[in-house]
Each structure stands twice: as C-alpha cells, then as structure tokens.
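Presented sequentially are two complexes of chain A, the first with chain B as partner and the second with chain C.
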Partner chain A sequence: MNNRSIKRWVFLSILLGVFLWLISNTQLWEIILSTLFPQETRVLHPRSLPVLVWEHVRLVVISSSITITVGVPLGIWVTRPSGRDFLPIVNDITSFGQTFPPVAVLALTVPMLGFGFLPTTVALFLYGLLPIVRNTIAGLRAVPPDILDAAYGLGMSRLHVLFRIEIPLAARVILAGVRTSVIINIGTAMIGAVIGAGGLGSPIIAGLVQDNIAYIIEGAVPAAMMAIIADQFWANIEETFAYSTISSNT
Partner chain B sequence: MIRLQRVTKRYGDTIAVNELSLEVNQGEVCILIGPSGCGKTTTLRMINRLIEVTSGHIFVNGQETSQIKPEKLRQSIGYAIQSVGLFPHLTVAANIAVVPELLHWEKDRITRRIEELLALVNLNPREYAGKYPSQLSGGEAQRIGVARALAANPPILLMDEPFGAVDPLTRQKLQSQFISIQQKLKKTIILVTHDLNEAIRLADRIAIMESGKLVQYDTPQVILSRPANKFVHDFVGTDRALKRLSSISIEGFVKPAPSVMIDASNREIASVIGYRRYAWVVDKNGKLLGWLDRTNLNEATSVRETMVQGDIEEIAIPNNATLHEALARMLGQGFKSIPVVDEKGKFIGEVTLSDVEAATAEMES
Partner chain C sequence: MVTRDSVATAGSAIGLVSLLFGWLTLKPNRLAAGTSLNLWETTGWGGTAIIFSLWLICFVLSLRGKERRPAAALSITANLIIIIILILAGLIASQLRQEETSLIRISLGSGIWLSLAGAYMVIFAARQRLPNWPVWRNLASWTGLAGIGVLLITGWLNDLSILQEFAGRQERFVQELGQHIILFSGSVTAGALLGIPLGIWAVRSKRVASPVFFITSITQTMPSLALFGLLIAPLSALSFAFPVLREFGIRGVGATPAIIAIIIYSLLPIVRNTFVSLTQIDPAVTDAGLGMGMSRFQLFRRVQVPLAAPLVLEGVRTASVQAVGNTAVAALIGAGGLGWFIFQGLGQAAADLIILGAIPIITLALVVDTLMRNIVRLSTPKGLAGGNQ
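Take a look at the complex of A and B:
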C-alpha cells in the first residue's frame, strides 16, 4: 500500500466517524430541523434515526452482496467457451432488469413473496445486476488477445489464465461496475419503505404524504452520506488493489 | 526433434495449411517465410496446439503431440510472439517466473534463473527485474519476451516474427544477440519472419511457404543459388548475390588496421598510419572513438581537436555482423572501409569495400 492510498483510507474512516456521530445525535437533528421548520410540530420520524439507517444498511449490504456474488461469476461464465452461447440472453435479461422500474419489480414480487424485507431484497438484487454483469463482461473482453495468446502459449491452464491474468487486468472495470451498482442500490432501497421493509425511505414517504419537509431531509441526508461513503469505499478498493497502467509506474 | 507429417488446417473452405511435411533436427534453426497469409503462423501454432490440426500428425521428440496434454506440451516449448504479450500487471521478474512457477520450481531456483536469463539477454538484473512492461522500450520488451520463453529451459523455441516490431538498428542488435544466444544454448528453433535477409542470416534451413504449401526447404545457400521454382526465384529476388552476403559473417574479412590513441603526438601518428590518409582513433582502453583525416592535422592541432567523433553504433559494426550489413553501411556512408568492434566497443580492425567486392565476385563465379 502506498502513501496515497493510506491517506484515502484515513479520510474514509474520518468520514465514517462523522456519519456515525451525526446519526447517533438525534437531539442535534431535532434542534436544527426545528429551527429550520418552526411551523412543524414534529420534525423527526417516530422511528429513531439509527434504526432507520441500520435497516437501510442491512438492505443494501445484503442485496449488494448477493448481486456481486451472482453478477461477477455470471459475467465470467458468459465469456467462457462453455457459456458463450448465453451471452446475448444474459445481456438482454440484465438490461431488461434495469429498464423495469423498481416499483414494478416490487409489484411483481409482492404477490409471490409477500411484504417486507424479502421482496425488497429481490428487487434490489435484480436492479443492481446490470452494471456488474455488463462491466465484468466488458472488462474481460478488453484484455488484449496477444496477452491471452502468450498466456496460453506459455502453458497456463484456463483457470490460471482467468485468475492470474484476466481478472487482475479486468479488476478495475469490474470494480467500477460494483461501485455503480451499490450506489444505485442505496438510492433504490428507498422504495423498500413502500412495502414495509423500513429504511430511510420511511421518513421520506411519510414526509411526502404529510407534506413535512423536515422528514424528507431526515431521510435524504443520511442516504446521501451513505452513498458518498460507499463510493469512496469502492474507489479506495480500486485504488489499493486493482492494477492500472497509471499506478504501475509509481 | 520436430516432425510435421502431412499436416492440414482448414477453416471452412479456406485451407490455411495444406499437407505440409517438415522436419527440424535438434539444435537447428528453421525459418518459415513466405507471403502474408501463406500459413506460417498457423503452422507454428499447431506445433504447440494453440491451433488443433484438421488432419496429419505432429511429433515432438518422437512423441505425437495430440497424445500430450496441451498445457504440459506448451510448458516444454518456449513461445515468443511479435507483440510480445508481456503481462502488464506483473513485473519483469514475475513475467519471467510464469512457467517455472507453473512447474512448481522452488523460490530460490526461480530467483537465480531470472538473474541468469536477464544477464543472458544483456539486461542488468538489478535494474530490470522490478520494472513493469510499460517502463520498457520495444527492444527491451522483446528481450524479456525471449527470456520468458526460455525460462524453464525448454529444448524447443517457437518464435513468430520476434523482431518484427522494432526499428532496423534494434532488429540488427537483437539478431546478433539471437545468434550468440543460440551458439550457447543450441535450441531447436522454428522462427517465422517476413524479412528474407533475417532468414538468410539466422537460418540453418529456410522453409519457403506459398498458400499453405511448403515449396522449398533448404539451406540459405541452396535457396539462393538453386531456387526450386519460379515462385522461390521471384520471392528471393534479383539481388541474390547481395542477399547471399547476409549469410556470410564478416569475421573472416576483418583485417588489422592502424589506430591511434586520442592523446598521440603527431610523430606517433605518422609512424602508425604510414601512407594512409585515414586512421581510427581509440581511447587508452582500445575503445573506438572516431576517425582522423591526416590532411586536416598539422603541427598546431592535436588528434582530439581534429578527429571526427561518432556514436559507436553508427560508425562501426559488431564483429558478428554480416557482409551484407558491412556493405550497406559503407555504401550508405560513402566510405571505403568500416571499423569493426567487439561487444564492449573495443576496436578490432576494419572491413574494406574491395574485400567485400572480391567476395561477391567469387560467389558469382
């Protein structure tokens, strides 16, 4: 790890610390929001902010973990000889998954899976799949053919070539897809509130229904901070571990 | 060592290689040459099974390659290509270590081997082992590519236009290095090239291909003097006498020539160069520095002021160069002689235009 990436991780830790401090100080929110919106009798959602954040984080972490563990292998598989025939289908399905509005996905999953956490997770999983699969395919296909030729010519097995050459060279593009997917998920997870999965969508929806801007702020600001932190986190992973033509020179 | 028996490769209706039979003996350099698309690369890649044959048999060391696991086969055959294909995310050392690691060599042995190979291709291990491919020049990358191909000491080497992507001067240097490495290692090599002069210089035998078929397989001398048919005749060209010079090393033509030290006095110069007008100038270690035109030298001037200094690579040729290069350089520079140096730049002697002309005339007769 070089100096620059150590600095980035320190910065991220500070950011995370500030975030945790902010969401655990409910009184502070109350003071600020009451000053801004004196006409409202209530400025905080009845459920406590740390709980809402926890629900949101849980939704995003679980659904994104599933998306990554399914999406990356899926992208790898359709670029192998054994899965190449499925490349067009997988491409279609994943783009379809994203053109579908998340509310519609919910509408379809609720009858099958009921209300709450599970259908939301399924919707988020489908919704986040496209960027990961697409970037995995693009990253693997961008590996120059002469490098693969040399790798096979030296006697590497397919598995060796995949893990020692293709994935390291595609890592940056794959991680960029993961980053996009996670950030999309943080935003999309808001809709979970509609079907009772909780999360930061709850104050926003309540705020919209009751015309209470303070509620909306209570939901939107922590979600925006989460997105920034997630973005920084994946950027740091990329910077620290993935090969790039630029960082290899230093 | 390597034997191809009526090997054919079809892609749909195209026949890339057609009933090709070829045998390369141990320690020999066989060069595949022919027009673009004649099937050279396909032939080469069928030997290490990067391409599977449509029909026919290939034997390596008496064993049919279709009976050997492709990975095992390839680990025992060095492979170097024009685009080099160094792995950009790995250091030079890690690139070279690929095959030894596949073969589970011990760490110490791999480290020693890397140093040995970098020294073999004339790169300083301490300086280069930790570099990344993006930090190398084209010629350096080519040499690392060859070092990587040689890493596990395979008896056989397949090379597809290994010197194709570098400038002519670098190519000449890589060729000389190839010759001296091959003198040491005695590998069995099949090399593809587009450059007939390169083929003549490096080959023990040249295989000329035309649309998937082998048209002539002979030593450079025979190919030049007795082309098998009109295709080979045309391919070899009308300047065959000139091309034959590519197969002759200058070593037998180097003559001693007067050289003066850079700090020599006028009297010393006179005694050394006698009636000649020009003399080569060396430093106290015998390294060539430039030349001196005596008519420009008088009582008031010194060698240092009068001499013409030059980059050694431009004014001299190495002692393993060919007569073809010597001739080209003399004609290019308009000189009647060219100095010859060893690999350290030390002055050895000179080759004169008249000697080269005499050699050409002798071959014609």
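Take a look at the complex of A and C:
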C-alpha cells in the first residue's frame, strides 16, 4: 500500500465512524428534526434508525454476496472453451438487461413471488448480476493474448493461468462491476420498502404517505451516506488492488 | 466436427421442460389468488401435441444447429412456437371467459414465460449462424415480435388479464405515458443543456473540472429515492416561504423534485462524455484546422463538434435510459408517469396493474435505448465509424 491509498482508507474509516456515530445517536436526530419541523408531533419513524440501517445493510449484503458468488464464476465460465457457445447470448442479455429499470424488475418479482424480503432479495440478485457478469467478461477478454501465450509456454496449467494471470489482471474491471452492482442494489433496496422489505426506504415512504418531511430526512440522509461509503469502499479496494498488480508486475 | 449448437439445445430443453409448468393462471377476480392450469388442461391434447412436437423438432434441429440450413429451420420453428403459444392462449382465454363470469382473469403462467425464454435463446443462437443470409436473419429476428404486435392490435389477446387491466384504464394509461415521456425527455434535455457547456468549461479549466466531477459522481451514487427525499425538504420550505411559487407548481412533492433530481442524475454521464470526447481529439487534427486558417469558432463548429458529437450523444443515451427508470420511481413522490401503475398495483396487491406499469416502462427504456443508439450511429462521421464505440 502506498501513501495515497492509506490516506483514502483513513478517510473512509473516518466517514464510516461519523456514519455509525450519527445513526446510533437517535436523540441527536430527534433534537435536530424537531427544531426543523416544530409542527410535527413525531419526527422519528416508529422503528429505530439503527434497526432500519441494519435491515438495509442485511438486504444489500445478502443479495450482493449471492450475486458475486454466482456472477463472477458465470462470467469466467462463458470465457472458457466449455461455455464459449454461451458468450454471445450472455453478452446480449446483460446489455439489454441493463436497460431495464431496476424498479420494473423489482415490481415484476411481486406477481411471481409475492411481497417481503425474499422477492426483494431475488430482484436485487438478478439485477445486480448484470454489471458483474459484464465486467468479468470484459476484464478477462482484455487480458493480452501474448501474456496468455507466454504463460502456457511456461507450462502453466489452465487453472494456474486463470488464477495467477487472468483473474489478477482482470481484477480491476471485475471490482468496478461489483462496485456498480452494490451501488445499484443499495438504491433499489430503498424501493424494496414499498414491497415490505423494510430498510431505509420505510421512513421515506411513511413520510410521503403521512406528509411528514422529518421522516423523509431520517431515511434519505443515512441512505445517501451509506451509498457514498459503499462506493468509496469499493473504489479503495479497486485502487489498492490496481497498485499491487502494477508493482508486482515491475 | 461438433455441429451441435449448445445455446439452441439449452433453449429447446428449457422449452420442453416448460410444458410441465403451469400454462395459464385462472383467478376468480383481479385480486384473488390464482389457480394454475397445465398445458393439457387448457389446450387439450391436440394443442399439447402441437407445441410438444414443435419443441421436439427444435431440439433435434439444434443438434445440427451450427449448419446453416438447420439453423434457418430452427429460427422458423421457434418463431412459430411463439406465435402459436400466444394464439392458443388468446383463444382459450376468450373461451374460458365466455363459459364463466366475465370477472375471471386469465394470465400467462410460468410455463409460457419459460417457453418464450427458450424460444428467445433458440432464435438468438440460430440468428448467429445466418450471417450471410440477411433475409433469413431479419425474418428470424422479427417474425415473432411482429406476430405479437399483430395479435395485440387485432385484439386477439384482449381476454388476457393485462389487456383487460389496460382496457379499463386506457385514458389514464395514455396520460401517464405522456407524462412519463415529458418528464424524462424534458429533464434529460435540460441536463444536456447544462451538462455540455459544463463539460466544455471543464476541459478549458482544471479548477472547474475537479469540483464538477466530484459533485456529480457523489450525486450519482445516491439512491434516487434518497435524492428525491433530500430535495423535498428544501423545496417545501421554499414554497412555504414564498407561496407565489406554488402557483407555478413548485411544491415539495410532485414533479419539481423529480425534474431536478433527474437533471442532476443526467449531468454525470453527459459532462463526463463531453469532457472525454473533447480531450481525446488528436491535437494534430486541431493543428491542421488552425493551419488551414480556420478561426477558433470555425474550428469548434467544423472540427471539434462533429468529432465529439457521437460520444456526447452516447452520454445522453446513458442519461436517458437511466432517466426512464428514475421517472418510474418519481411516481412515489407524486410526479405521475407509468410508475403510478406500479405503485398503485403494489398498494392494491393487484398483480395485473403492476405488470401494466412495469412492462411498458421496460419497453420504453428499450425503445429509447435503440433510438439513441441509432442517433449515435448516424452522428458518427464516416471516418470514425467503427472506431469510436
């Protein structure tokens, strides 16, 4: 790790610390929101902020982990000889699938799977797959063929080449896909509140229904912070990774 | 030599398996839970035999699917399957609705959706094997879709639940579709009018570039619902303080925060692409222009704009597709648009109403995407074609 990436990690930790401190200080929210909106009798959603954040994080972590464990191997498989036949169609599906608005995908799971946590997780998983599969394919295909030739020439086995050469060289692009996927998931999980998945969307929806702006802020501010933190986290991982590959190459 | 096309074989296998799943779903009314009917319970053994044998033909053909003739035959069969499945579904829906009360709803079951997915896979695979037969290739790509279009227009499918839901809300549908299009296209246009000059400015001055990219990339990561929420508070305070604004429709909820948020979301792709498109122009080209005696304005108008246009428009495309989706979310804050059907449907637990919102939104996104891709292609100067994207 060089200086620059250490600085970035320190900055991220501070941001995370501030976030955790903010969401655990419910009283602070109550004071600020009731000064801003004196006309409201209730300024905080009945379920406490840490619980809402926890629900949101759980939703995103579960769906994103499934997405990564399915998406990366799928992307690898279609670039191997055994799955190469499927490469064009997987490319086609991931490129037009990304045109689908996430809300529409979320909405369509309800007629199939009903309301609640499960359909939201399934929708987040399916939608999150697209950028990961796409970037895994793009990253692996961008590895220069002469490097692969050299590796095979050295007598490396296919598995060796995959794990020692291809994946490390493609890591940056794959991680960029993971980053996009996680950010989209955090945003789509907000709307999951409408279909009963809980999370930070709940106070916003409740605030819209009851015309209570304090609720809306209680949901929107932590959600925005959470997205920024997640984005920075993956950006840092990407950055740290990229530097280590370059330095190990030289 | 292996002539089996694995994608087509997998598609055919999915098609064969799909016959075991529920074919149509029957609900006593629009909100009740449905019972699912099997293929043979709906189409009788005759219909089942037809669909089964068509899928079997596909499966056998796919074993030689890498050759041209089997591929052409495959694409025809798969297109036929799509059309026949939907013709039968429409027919059975009408019969069932005549026998029973008109309140019952018939919707496509998971079997039909799986079959359609299988047909898509087969058609996609077969299409690729017909590169030098443009007529066949076009037939393969469009016959099924054209068939669906014809069935929809002639009213053959009118007894299916989604279309019944539509029939009751035709006026509202047209109105919300219009609202959706106006909201997203207006906001993206405003985003472009702001974003392109910002991008040009960022190229000229480093001091502008870094804060612009910092702010737009931060707002880009924010969930749309959160950004809407963050805009509602100041806007409602504003309209509370200056009631005049309300006469112009500026309120906390409604279209105003939606428009502002979508403009903000459009900025990043447009500014970034404008910036990249201008910085990537080869300095030798601008030198040549200056050497020919072009003025700065001429250089901009005749050299830089045409070279940068495709990438800038590519940014507008990304922004537009994203805006179609964000406009759907905006229905939650009372901005209207097709998302209204989704959220109404979710509120009433009415599956058909949800689908009536979701499918047109997806279609709109695909249409906008295709349209913009073609505009990008047309705007690409001949010398750049094939190179840029």
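As a convention for this text, the second predicted complex is superposed on the first by the 218 of 250 C-alpha atoms of A that agree within 3 Å, B and C clash if a C-alpha of one lies under 4 Å from a C-alpha of the other, contacts with A are read in each partner's own complex, and residues count from 1 in each chain.
To be clear about the criterion, a contact is a pair of C-beta atoms (placed from the backbone, for glycine too) under 8 Å apart; a residue touches a chain by one contact, two chains touch by 3 or more.
Only a predicted model underlies this, so the values are computations on that prediction, with no experimental measurement involved.
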**Prompt:** Taking the superposition as given, does A:12 touch the first partner, chain B, the second, chain C, both, or neither?
**Reply:** neither
**Request:** Classify the contacts of A:101 with the two partner chains as first (chain B alone), second (chain C alone), both, or neither.
**Result:** second
**Message:** Per the contact definition in the header, classify A:220: touching chain B only (first), chain C only (second), both, or neither.
**Reply:** second
**Message:** Let me test your reading of the model: by the given contact rule, A:168 touches which partner, first (chain B), second (chain C), both or neither?
**Reply:** first
**Which superposed partner A:70 touches (first chain B, second chain C, both, neither)** = neither
**Request:** Once the structures are superposed on A, label A:51 by its partner contacts, choosing first (chain B), second (chain C), both or neither.
**Result:** neither
**Message:** With both structures fitted on chain A, tell me whether chain B or chain C touches more of chain A's residues.
**Reply:** C
**Prompt:** Is A:187 touching the first partner chain B, the second partner chain C, both, or neither of them?
**Reply:** second
**Item:** Overlapping contact positions on chain A, where the chain C interface meets the chain B interface
**Value:** none
**Prompt:** What part of chain B is in contact with chain A in the complex they form?
**Reply:** 48, 50, 70-76, 79, 81, 83-89, 98-99, 102, 132, 134-135, 145, 148-149, 158
**Prompt:** Where on chain A does chain B make contact in their complex?
**Reply:** 144, 146-147, 149-157, 160, 165, 168-169, 243, 245, 248-249
**Message:** Help me check something: in the complex, which residues belonging to chain C touch chain A?
**Reply:** 5-7, 10, 110, 121, 124-125, 128, 218, 221-230, 232-233, 236, 252-253, 321, 324-326, 328-329, 332-334, 339, 342-343, 345-346, 349, 351-352, 354-355, 357-359, 361-362, 365-366, 369
**Prompt:** Within the complex, which stretch of chain A touches chain C?
**Reply:** 85-86, 88-89, 92, 96, 99-104, 107-108, 110-112, 115, 183, 186-191, 194-195, 200-201, 204-205, 207-208, 213, 216-217, 219-221, 223-224, 227-228, 230-231
